[in-house]
Amino acid sequence: MKRFLPSLPLSLAVFVLWLLLVATFSVPAVALGLALAVVLPLFADMLRPERASFGRLPVLLKLGAVVLLDIVRSNIEVARLILGPERAISPGFVQVPLDIANIHGITALASIITLTPGTVSAELSEDRSHLLVHCFNLRDPEGVVATIKARYEAPLKEIFP
Amino acid sequence: MSAAFEILMVALLAIGAFFVLVGSLGLVKLSDFFKRLHGPTKASTLGVGCVMIASIGHHATLGDGLGLRELLITGFLFITAPISAHLMAKAALSLAEDDPRPSPPPRPDQAQPREDDGPGR
Amino acid sequence: MLELLLALPFVLALLVAILRNVPRAATAWLAASAPLLGLAILAWFTPAVMSGEIPQATHAWIPRAGLLFDLRLDGLAWMFAGLVLGIGVLIVMYARYYLSENDCAPRFFAYLLLFMGAMLGMVLAGNLLLLVVFWELTSISSFLLIGYWTHRKDAREGARMALTITGAGGLALLGGVLLLGKIAGSFQLDVVLASGDAIRAHPLYAPMLGLVLLGIFTKSAQFPLHFWLPHAMAAPTPVSAYLHSATMVKAGVFLLARLHPALAGSDLFFYTVSGIGAATLLVGAWNAIFQHDLKGLLAYSTISHLGLITLLFGLSTPMAVVAGVFHILNHAVFKASLFMAAGIIDHEAGTRDMRRLGGLRRLMPFTSALAIIASLAMAGVPLLNGFLSKEMFFAEALEIRGHDAMRLGVAGAAFLAGVFGVAYSLRFVHDTFFGAGPRDVDHEVHEPPRWMKIPVEILVVACLAVGTVPALTIAPVLETAARGALGGELPYYSLAVWHGFNLPLLMSIGSMVLGVALYFGLRRLFDIHAVIRRSFGRKLFRGNVLALLRLAWRFTYAIANGNLQRYLLLTILAALVLAAAPLAGTALFAGSGPGQPMPALGWVLWVALVAASIATVALHRQRLLALVVIGAVGLAVSLVFVFLSAPDLALTQLLVEMVTIALMLLALNYLPQQSPPGRSRPRRARDLAIAGAAGLGVSALVYAVITRPSQTIAGELLARSLPEGYGSNVVNVILVDFRGFDTLGEIAVFGIAGLVVHALLRRSRLAPAEVIPGGPALLPMPANLSQLLFPLALAVSVYLFLRGHNQPGGGFIAGLVLAIPLLLQYVIQGSQYVEQRLGFDYVRCIGAGLLAAVGTGIAAMLFDLPFLSSGHADPVLPLIGPLPLASALGFDVGVYLVVFGGAMLILSMMGTVKPHPKAPPATSAGATPGEAPA
Amino acid sequence: MMEFALASGIGVLTACGVYLLLRARSFDVILGLTLLSYATNLLIFVSGRPVIGKPPVLREGVAETLANYTDPLPQALVLTAIVIAFAMTAVTIVVAMRSRADNRSDHVDGREPDAGERR
Amino acid sequence: MIAHLPVLPVLLPLVAGALMLLVGRRAGPQRTLAWVAMAALLAVAALLAREAGRGEILVYLLGDWPARLGIALTVDRTSALMVLTTALLAAPCLLYACSGWDRRAPHFHALFQLQLAGLNGAFLTGDLFNLFVFFEVLLIASYGLMLSGGRGPRMRAGLHYVAFNITASTLFLIALGLLYGLTGTLNMAEMSLRVAAADPADVALIQAASGILLVVFCAKAALLPLYLWLPETYSHAPAAVAALFTVMTKVGVYAVLRVYTLVFGSEAGALAGWAWDWLLAAGIATLLLASLGALASPTLRAQVAWLVIASAATLFVAFSLQTPGAVAAGLYYLVQSTFVTAALFLIADMVRRQRGKAGDRLDIAAPLGHKTALGLLFLVAGVAVAGLPPLPGFVGKFALLAAVPEGRVALVWTTVLVTSLLALVAMARSGSQLVWRAETFAEGAAAPRPPRAAQRIATGVLLGYLVVLMLASAPVLRYADGAAAQLLAPADAVQAIRGTVPVKRAPSP
Amino acid sequence: MIETAVVAAMYVIGLAMLLSLWRLLRGPSVPDRILGLDTLYVNTIALLILFGMHLDSSIYFEAALIIAMLGFVGTVMLSKYVMRRDIVE
């Protein structure tokens, strides 16, 4: 199975993408979508990405909701800061120690950090033990680290065990 | 089309345009690269996102019927924005005169080097 | 038969050249067989020619331009052919012994026969253009013969000089002949000779005559273009004897004789030709006295005699023409023998310098006797042939009609030349054969081989025979030849040796006495041997050639100075001038079309475009910055496409922009990061002004065009796109159907670009401008995301490809959407990582794509439709249903493959350039051993 | 007004391109050629007369005339021109790289100008 | 298949080039493919010339679209002659390259075929934009041919060549955009009608656009003041490539001839023949300067390159006279000058290889291996290039001189005759320097290996063409007369192009 | 109403683009300019979507999609160049 369908989530993603693109459910379109969903991940697999087992779906959905909410919230927060006087902002870097070892997990975490306004993941240490994060307004480094670990890293550890 | 829908659409457009503008405004106004780096993330998330939803609604009512293709744009932005932000940050770090990075706190539990090399090599 | 006569020398020249490894005697006999057989043929024609017939052979060559291969053997041609062949036999015989063991005989004889053929062709030509053809051939073959001893500088220079002068004359002659043909309405000799009056009356007569005479005078070494002839003496003596006394230099006077009926008879002709002839006569004779080299003396003497003949033809009376023809014959005979004698002397004594020679009559009495007799003929001593024609010349000089001053002048010149002639002949005889013996000669001097003398003997016998019994020997020949030259009735003339005691005889005697007196007088006055005569002509020639070369050099490299900026500047200026010229003074611009309003957003775009362009210029010295900024220009341009209804263009521009940035960044690594401060301020100001003018000009033109109503055929394209091209994206239908041939060319260009880049970078090692310390950047997180992106992008690529015919998209766009994510893998993961895993052969990809596109086009041909005709099918597949298929899809597959293959070939080659071995090694501080830069 | 904006925009691109084209370094010349190619692409494009919002992609029920769609032909030409320009740029860039490596100068004439004649 | 004849000269090399990319890099299959394609192309070109020789204009509607909508290939005598000349030239060039260069230059064979496809496309197309595309095909292939396997100075020359040509192509596009904007069509025949019927207010604009176009063609043809790029480019190209390039300037000349007789020709109303006066002046000036350049050249190859410019300039002089005789003489001269300059490039290369370090430098005396054979080849080629009889250079020049109309005689004759003399002096100089002045090899020094048979044969073939041209002057000139007649009376061509109906499609909707 | 809002939003985006352009042209550091370009791309996506709404057409969707999907490639390469010079290692 792994040989012909290396990554089910990827196949699914391709299929969904295809359906969204063609925006019809005609037989040839769906058939082609299925074919692509099989073939394209095979191509991608030739690049031999690091594999990961995929954990619990409900956690994923919950994490998604949290992230979306955080995005909205921090968007507003950052917009306020930008429009306000600049001296109110005190930016800074913070090293987030990582518990999660899986590269997919790390990637997801870093992406979430970047997508959430106010924080940008700037660098992953070579041993993948620390993520360097730049905060737009860094008042409480420990607090930021703790929030990240609790809100995002913990569920991600469940998703990518 | 209901007035409520219309108001919702206008609001979405307003919010979207606002965040896009704020992002670019930050880019101009802020004094330091790392501060500015936070600008476009607004634009690419909430800014574009709101416009996208408005567009879905618009085409669903006026145009070719319901299509969720616009979601793909946000989807792709969610994949690509972190990559570019990450690399820009790394680029800026590599140019920084004195390293602004705080040293990582010691982590006794992960002292030994990892075995797998990762795809980056 | 005439054709055979002409072909003989050429055929044998080829034979002689091919048969290189045969004994010299065989080569010589082979070579001699050409003139011998030729003489036989000529003899066969003789009765007919003598009876006034003109055998003719005509073949078409380029009839449209009046060039016929027409051979014509009238009396003059017959005489000249006889001269060429007869002396030719003797020369071959002589040369067989003359050439040394080191000389390559086949080459010599081949050249000689080539020349012989050219000469024969010239005299036999019945078409003036054909005559020019052979005329130039004589120049070329004489060039080869003069330069035969290639190792000698004087030979090379002499050959070049002769070729330059006679070649120039030949070109002038070509011009003259073309004019003559225009005037006469034909290039056929018969026609031209018959229309003398019309020719002389024509307004173009003077320029035509000038050009023809220029040809004649250069060939016949007339003053002041005579100086090449003495330098041609660097040739082996047989060549000098043959070409530079008997035949080639006679080509000029031959032509003078040939065209006499057509050209002569005007005052212009009379004064020019006789004036130049007289000047040459005197200059040549005077110079001959002071030559120390035997061949030099003979060369100047030849010049003088050619002047004499020219003068005679210039006088234009029938008698003068007869005398001229007669002297041609006589001079050929005695001068050839003299040259051969000089050659024998050179051969035996090892020198031709009269200052070192002397007393040879004791050492080689027989040869001396022959040479002395020939010299006396040259001096015009009675009972020898030279006397007869000289006497005729004196007589003619005294009978010039009308002009008293002219008569006096010519007679005086004739007399003076006679005096000089006696003087140099005497010098030749006295300094060589009498007096004290040879000095500083390392040879034992003795008689030459038997067969080397025979040619000289024959010629000297001829001198004597003609001189004593002219009526029995030369009279019929002269009559035939003169009739050919005059083209009609001959005047009365007598070839008797004794005409009574008259003024010409008095002149002869006088010149004899004064000549002897002059020679000994000069010797007494100052040492004639010490006179050093520099060739003024050569100096002038050399100077001119050098000046020409210098001028050429200066001109050429002042303009083509190897500076690209200048080339580009000139190109832009040329375009500006040619575009501005028609517009100067016209009130153009605003067309009649109503202008469209500009939305404010458009101005935003305008500002972005203009600001980013100007910033690119302002920042261009910091290259990376310029690249970033130019990216904004590209984005602005694609937005223009978006707003102005061109979605395909916008897509393409966006994608190409990305790839272009990639290319430039890849290259920038191997180039300096900054441009040094460039040119001086005035230069910059100039460039700025030109750039401004170009921009203004383009703006004006564009504005003028787009405010005019359009008259495009595009309406029909729109209408026929869907029903006949099976696509609703009209742009794509144009690309793959209406103008599919353009696209085929376009992908060929794209594929070739890939090949070129591949060829240029495949094995090359380049040094990066700067190596940043540290190993390759590790980007695990972006790598992970980009691997996720990859299959999704592929799906988008397939989608864009499939819908391209009906919606924005298509093969090109899809190909790039496939290539860019792959490029991203290269960037983020490194080339080694990608190529080990995804080993495409991009070159084959290009080939397959091209084949697919062409194949789709060819498929139409199987249905008897033209290449690239589109087809359409709606197969109904089980389970899937109807599947609309346009043949354009096949074509687009080709585009897709080529674009993907080409783009990736370019990018991957540029990305995987090997660093130059001399480049500083990347000091990888933290890198593990496996991470050396790929 | 739009015509004027387009014409002037193309003019500015041309002027900037020409100025860079006349610089002495290969990279500057390549930049100039890139700008010029933008200018020419736009020029060909507008020769079909610029129209906002009428892309030549046929829609059902809309008459296939120039009143409803913009002229597609120049667009096809520009597409070809873009591709060709890209190919040419690629080759130029590689030749510039090789010339720099082989001749040790990125001067377009393959050698550094003497001090006297800076250009 | 005969119906598809016009497109085959493009398709054959294109397919061959594509196949070469698929069969891998080994020389065997590559050469086999190359020669099969070459033979086929020769046959096709000969057939095409025979068909065109009948006097009808062959129109091939690609995609079965009427000429005004799609792209039509148009074959008249001139284009068929160009295709045949190219094929005849290419064969010996290929042979010469097969003596070894093809192994050292990556993708040589594919690039060679694609170059031929580009050349033939440019000669055959009847569409102005398609002409641009094929110009680009042949140019980019020429970049590859010139630079593949090259180093150092060749790269510098290549950079000049590339940058210059891209600039010219940019101008080409500008001109095309303006012309399309003003006339609304790209088909030359169609455009000619629209130019003839142009609104008087547009005439100046059309002329301005066509002026820019003229600059482009003249840049490719190396006409004053745009010729400066050529000597360094050609003298740095590999021999077989330089020899093939001799037809590239002729593409520019051909394009001028085609466009400015058809679109702006005798029937173009206010713009009839406007370009030819400019061209005559520029041609004469170029001819003079190029002849001086030939005299000034430091190397034999540079000298030949200048002679290439001189020959192109001669063609401009001939064509700009616009009389049937002069145009025909020009076409004849075009063919012969292509062959002779190509032969000279090959000879220069062989000479270079026989002279050791001195190469083909003219100012250094050096021994020359295999002097006799090389000398003979040089002699024949030199005679031909200097326009001396009896070789066709003379025939062409004299046919040209004979056809000069009254008012121009003094100017044209003086120029042509004087420059012929300069060429003669130049050839005599270089020949005597290289061949005659050659020293003997030093004792013990091994003489260089003789030129390979392929090299000698290739050169011999090119010179053989000259002999054939000389002997067949009458029929070739007759053909050229027909070609000139077609060019100077474009109405028939326009009629034929517009009148050709598609095989299947309706001519109009 | 919506139409007006769309147009107004487009103007706002236009303003944002000018601001991004200013950063792109002004610098001062290279990453600043890269950031400006990146933001310009993101702004463009919004503009394209709005323009599609304005025209009632989804014809520019692909352009927006491609910018979203591949627009960042330029950013990546430029940043990599700043970091390493050698963008394909």
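So that you can tell them apart, the chains are marked A, B, C, D, E and F in the order they are listed, and the count of residues begins at 1 in each.
Methods note: contacts are C-beta pairs under 8 Å (C-beta built on N, C-alpha and C of every residue); 3 or more make two chains touch, one makes a residue touch a chain.
All of these numbers come straight from a predicted model, not from anything done at the bench.
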{"item": "Shared chain contacts [subunit E and subunit F, defined touch]", "value": "C, D"}
{"item": "Shortest walk length in steps over touching chains, subunit A through to subunit E", "value": "2"}
{"item": "Mutual neighbours - chains that touch subunit A and subunit C alike", "value": "B"}
{"item": "Comparison of C-D and B-F by number of C-beta pairs in contact, larger one", "value": "C-D"}
{"item": "Subunit C and subunit E: spacing of chain centres that average the CA atoms, whole Å", "value": "16"}
{"item": "Approximate Å spacing (C-alpha centroids) for the pair subunit B, subunit C", "value": "70"}
{"item": "Euclidean distance of C-alpha centroids - subunit A vs subunit B, Å", "value": "12"}
{"item": "Where subunit B and subunit D are represented by their mean Cα positions, the distance between them in whole Å", "value": "32"}
{"item": "Sites on subunit B at which at least two other chains make contact", "value": "18, 25, 37, 39, 64, 67, 69, 72, 76, 79-83, 86-87, 90, 118-119"}
{"item": "Residues of subunit F engaged with two or more neighbouring chains", "value": "15, 17, 30, 34, 36, 57, 59, 65, 69, 71, 76, 78, 80, 82-83"}
{"item": "Multi-partner residues of subunit D (at least 2 other chains)", "value": "21, 26, 29, 41, 43, 45-49, 53, 55, 57, 73, 77, 80, 84, 87-88, 91, 95-96, 98, 108-109"}
{"item": "Pairs of chains found to touch, sorted by chain label", "value": "A-B, A-C, B-C, B-F, C-D, C-E, C-F, D-E, D-F"}
{"item": "Interface residues, subunit C side, partner subunit B - complex", "value": "776-789, 792, 828-830, 833, 930-931"}
{"item": "Complex interface listing, subunit A residues touching subunit B", "value": "17, 20-21, 23, 48-50, 71-72, 75, 78-79, 82-83, 86, 89, 91, 93-95, 97, 101, 103, 110-111, 114-118, 120-123, 125, 127-130, 132, 134, 136"}
{"item": "Complex interface listing, subunit D residues touching subunit E", "value": "21, 26, 29, 33, 36-37, 40-41, 43-49, 73-74, 77, 80-81, 84, 87-88, 91-92, 95-96, 98-99, 102-103, 108-111"}
{"item": "Residues on subunit F engaged by subunit D in the complex (per definition of touch)", "value": "54-55, 57, 59"}
{"item": "In the complex with subunit A, residue positions of subunit B that touch it", "value": "18-19, 22, 25-26, 29-32, 34-35, 37-39, 41-42, 45-46, 64, 67-69, 71-72, 75, 78-79, 81-82, 85-86, 89-90, 93, 100-105, 107, 110, 113-114, 116, 118-119"}
